[in-house]
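Next come two complexes, and both contain chain A; in the first it sits with chain B, in the second with chain C.
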Partner chain A sequence: MTRKRAAVAWGVVGVLAVMVIWELYKFLGPAEGFVIGAIADQRGSGVMILPRAHDRAMPHIWDMVARLFQSTSGGDTPPLIVPVLTAALTTLGIAAVGWLIGVTVGALLGMVMQRWRLAEWGLLPWIVVSQTVPLIAFAPLLASIGTQIDRAGTIPWPQWLSVAVIASYLSFFPVAVGVLRGLEAPDRIHLDLMRTYAAGYWPTLVRLRLPAAVPHLLPALRLAAANAVVGAVVAEVSIGMRGGIGRMLIQLAGQASSDPAAPWGPTFGSIALGLVAAGSVALVGVGLKNYRRGEATA
Partner chain B sequence: MTTEIAVQARNVSKTFDANSGDVIALEDVDLTVEAGEFVSLIGPSGCGKSTLLRVIADLETVTTGELEIFGKPARQARVDQDYGIAFQQAGLLPWRTVAGNMGLPLELHGVKKAARAARVAELAELVGLTDFVDSYPDQLSGGMQQRVAIARALAEQPRLLLMDEPFGALDEMTREYLQSELTRIAAETGAAVVFVTHSIPEAVFLSDRVVVMSPRPGRITDILVTGFGDGRGDALRESPEYFERVTAVREALHGSPVERANER
Partner chain C sequence: MRLRTRPFFRRGLTVASVAAISAIALAACSAPAATPDPGSSDFVPITSIKLQLQWLPQAQFAGYYVALDKGYFADEGFDTVDIIPSGGDIVPQDALVAGDVDFAVAWVPKVLGTLEATGAELTDIAQVFQKSGTLQVSFKGDGVSSVADFQGKRIGSWGFGNEWEIFAAMAAEGLDASSVSITTQDFSMNALLDGDVDAAQAMTYNEWAQILEVINPATGKLYQPEDFDVVSYQDTAGAMLQDAIWADTARLDDPAYADATVRFLKAITKGWLYARDNPEEAASITYNAAINAEAAFPVGPVHQEWQMNEVNKLIWTGGDFGIIDPAAWDKTVKGALSAVNQDGLHLITAEPAASAYSNTYMQQALDALKADGVDVSGGYTPINVVLTEGGQ
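Let's look at the complex of A and B:
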């Protein structure tokens, strides 16, 4: 219990530290930043090694929070927090679909690679290479394929589905690797034992390999959740889908010079989104805690 | 009716492929274990005693020679669950309770829940763990874990029990206690036991016959009959006959070149 309390305390300390550093820099840092090698009369020349600290570049934390409760765009519009939450929920839903697709695909790939060594040799390099392709590069491509499917008429393909598929592209990777490592985790003695029971592939998978894989699976699923959120936000931006938090971030960032605290609304929203996503997976882990027992050595 | 033969090995050899050339683990091993008999395999590291056990269990296949378990090929005997096995490590599944671990083989072979619960209760009684059926392996001592492993090996009432240094990792007190328990359990179940050990007193105390092996290549050099019958109380450990047999086994062992453990 004390360890748990300590963990919470350290978490709070971490967040507070970030806030203190932010405000401290804002107080001490040069308002116009510090630029070296600037050529006189030439705007934007030189290298900025210290960022600007004035209110337009770095709003106060309390201004960012206060902005959440002021109307979105003047007049009778609802406080900023309302559209932020709506957009975050929309993105969360899309990321969840992307996560499910990614977990399914990743788990199947992991199982196939564990079952056949040849498949591991053939697939694993491609799976690793797949993650080096920049998301921005192929997101529009995937979106246009989605649009074409939708236009063909046989299967409806809404834009959010393209976003979910792109999100799954990031989330399948940790699952594929985690499942492969997890399924190979059982001790030699346990595998021997299953062999003496004349247990085939499936009984061994269900009774031994999957339960033994749980400690490898949980971090993989959590990573996949975080990746799905990042993927969904980036995909929304790059294919221009409305309604999600990614689009909102870009939109408000564009108005930052006149309303500097506003883009921090969706920023906090996407942080909350990531926390909720990772936290939901942690809840899965609570239900599986018996699978995380270590056998005491004799 | 003639006595049934549990294990019949004729000219069994086993060669492993290694990078540095073939390694002969077993050479021309002849061994017969009768039903209900307790046979220990003893010898220095690398003498092939564990390999012999694994061959009997069909965890390895023989390179040449014939091997029959209850008159069947080893593979068939494994598929038919003619033997139960216990290793040096208990090898319990940490996410299963004691009852879940004991019942694992029954579950895998489709025994219904009620029948399984009844058998698990019997097994827990047999190894004296009735109060611990709902505990998890990490809550048990090493000796208790090993008792669960023995119960699991006995779950399907095998006529043959294969044990690979099951008490090797335990302290002396627990070891002697479990040895007495094992003789009782073997007598109660009537199963034949093939028991791998590197402890001379353990082999003598437990066995009807002690098979002495020597390394490189692994082969049987001597077979000694203890002739203690059923009288295996703690008094036996202090009897002159017992010490006589211990000495005999020791001499049989040292007749072969003594191996250093690091040459394995």
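Let's look at the complex of A and C:
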């Protein structure tokens, strides 16, 4: 068996394992969950340590898949999978814009921080702190700024652009750090060689630092893609943008009591979305395969 | 290990990190709506209007979609009527204040809160729902059959301004968040079904049907209304007025807008009358609008029919359509003044301005319709809607 086939086989085994564990837990797990510290006669008290396994909380896999091919809202509406795919593509497009913004900003920050140590001292702590800002607090603020810019009329600012900017807020971080570490990766001996050639900053950057940064950069870009998807979905939910997968998820979750399999449609959609996003970045790696020695894993 | 080929430079460092951030904070002013000339008696009739809904298309808004579908807006001289759904991204009263729309559908207490918080002026020109449709639902036998029973119980509430009736009703019983445990519930009814709360908040026309679309594991059939105790806030001191049509108070001085307001109200009255007399068809018109709207994902046709039926019960209580009952208004204001939420916050602290509601325009619309021989009052004879699992 070739390496490629083995990789595919392991992928299938992984998915099957998740499905088996899901159904096994559903079969063996407590239908009403297991709660410790519950006070008698007091609803909702205690801490649930094992989740509920009944059909509303955990529908069977076949029910969830079957639901994908049943009409979305009854009547003549298209099967659920159609709006799921449309919504996933919408979110993918927004996440891609967010990824591009994030990668650009992240790469610039990384280069600036590598170039001037003072910039690194000044910026890196802020970059780290920026990731601790709760997105659900930050998203509506940015959305309302966007609306105000749009209302002012000079620059059009559609709602999806706010979502893309929020996605870029999550995706720039791994790139900034990855580029910084990557550009610092060359051995001293190589840098000294460049110096003996009297090469300045730019030749060193282009001929030595950037090629050496590739093994750090590719995982960073992959992380950025995953972050952009998460950021886009969360932003859609918190600013209530319609059309994307995040909003669809929330909306169908509102019907979860009477139609528990429905919210799993967009859930699968967002999983597929993340895989496609990370997979597309792998294509970038194909073009850079000559530089990928000793790639760090992420 | 960190290696440097050059000593670091000090120049140019302060610029890079701050430039991007300051650019964002530039635009802050929004363009106000054009101010009309109040002196002129001649005006060009408004032929294009926008109505902002408070949620996605569903039978709760059937009258507006029927008026569109049946050409009632066109009959009143409107060439284009935009019915704009909200997915929670647009707050109707904010959109109206900003001048993005001409009219908005919103609950009275929510708007009262906005008016006091922002100092904006809006007028309730038609009270579409005469009664409150909010319920607190619990399983029979759990002993929550009145607001007084909330004491010591875990009570689910949605928040987002949908919770004030609960707190107003509790205040009237001398209860507050210290004696009642208030829990935020999501928009599904799982919190009740899984026993995470003693009683869950539900609207007669939506979540209540959702519960009744679930299979009862004990019987293998759908849950029945008899399985539950239901507290209807309409019967409590906390009852508040809900879906109302709001107009921009300042713009009402513009004769063109005032004229458009009366014509608009005529059209929607006819829409709701049609929905009263043809609930199945009205539900199906709305359902069709909903499945063609962007990303609305409505619950199925049976659920819409149930919703149409319940909404009609809230609208047609015997009086003329849309007239604001001053007693119900005062009760809403009283409740809003007394309500204190679980964070100790008040919805409003002072009576709203007298301009906050007006029957002038609705009365003009009704008189015009009566002159045309339309019967604008009366009750509603409910139809029987048999729910199905999942509402499909």
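Just so we're on the same page, the second predicted complex is superposed on the first by the 280 of 298 C-alpha atoms of A that agree within 3 Å, B and C clash if a C-alpha of one lies under 4 Å from a C-alpha of the other, contacts with A are read in each partner's own complex, and residues count from 1 in each chain.
Convention: a contact is a pair of C-beta atoms (placed from the backbone, for glycine too) under 8 Å apart; a residue touches a chain by one contact, two chains touch by 3 or more.
Here the structure is a predicted model, which means the values were calculated and not measured.
**Q** First (chain B), second (chain C), both or neither: which does A:S257 touch?
**A** second
**Q** Just checking: does A:I149 make contact with chain B only, chain C only, both, or neither of them? Give me first, second, both or neither.
**A** Only chain C is touched by A:I149; chain B is not.
**Q** Identify the partner contact of A:L118: answer first if only chain B is touched, second if only chain C is, both if each is, neither if none is.
**A** second
**Q** Go through the superposed model and pick first if A:I189 touches only chain B, second if only chain C, both, or neither.
**A** first
**Q** Counting only touches as set out at the top, which of chain B and chain C does A:Y197 meet: first, second, both, neither?
**A** So A:Y197 only meets chain B here.
**Q** Once the structures are superposed on A, label A:Y291 by its partner contacts, choosing first (chain B), second (chain C), both or neither.
**A** first
**Q** Tell me which partner touches more residues of chain A in the superposed arrangement, chain B or chain C.
**A** Of chain B and chain C, the partner in contact with more residues of chain A is C.
**Q** On the A-aligned overlay, A:R207 touches which partner chain: chain B = first, chain C = second, or both, or neither?
**A** In the superposed model, A:R207 contacts chain B only, not chain C.
**Q** With both complexes superposed on chain A, which partner does A:R56 reach: first (chain B), second (chain C), both or neither?
**A** After superposing on A, A:R56 lies in contact with chain C but is clear of chain B.
**Q** Need the overlap of the two footprints on chain A, from chain B and from chain C, as residue ranges.
**A** Comparing the two interfaces on chain A, one with chain B and one with chain C, the shared residues are 194-195.
**Q** Can you list the chain A residues touching chain C in their complex?
**A** By the definition above, chain A touches chain C via 32, 42-44, 52, 54, 56-57, 71-77, 83, 87, 105, 112, 116-119, 122-123, 126, 145, 148-149, 151-155, 159, 184, 188, 191, 194-195, 201, 204, 239-243, 247-248, 251-259.
**Q** Over in the complex, which chain C residues touch chain A? Could you list them?
**A** Listed in rising order, the residues of chain C that touch chain A are 2-6, 8-10, 13, 16-17, 20, 24-25, 27-31, 56, 86-90, 98, 153-154, 183, 186-190, 193-198, 210-211, 213-214, 217, 287, 290-291, 294-295, 297-302, 389-392.
**Q** Enumerate the contact residues on chain A facing chain B in the complex.
**A** Of all residues in chain A, those touching chain B are 187, 189-190, 192-199, 203, 207-208, 211, 214, 290-298.
**Q** Quick check: in the complex, which residue numbers of chain B touch chain A?
**A** These residues of chain B touch chain A: 57-59, 78-79, 81, 83, 85, 87, 89-95, 104-105, 107-109, 136-143, 145-146, 169-170.
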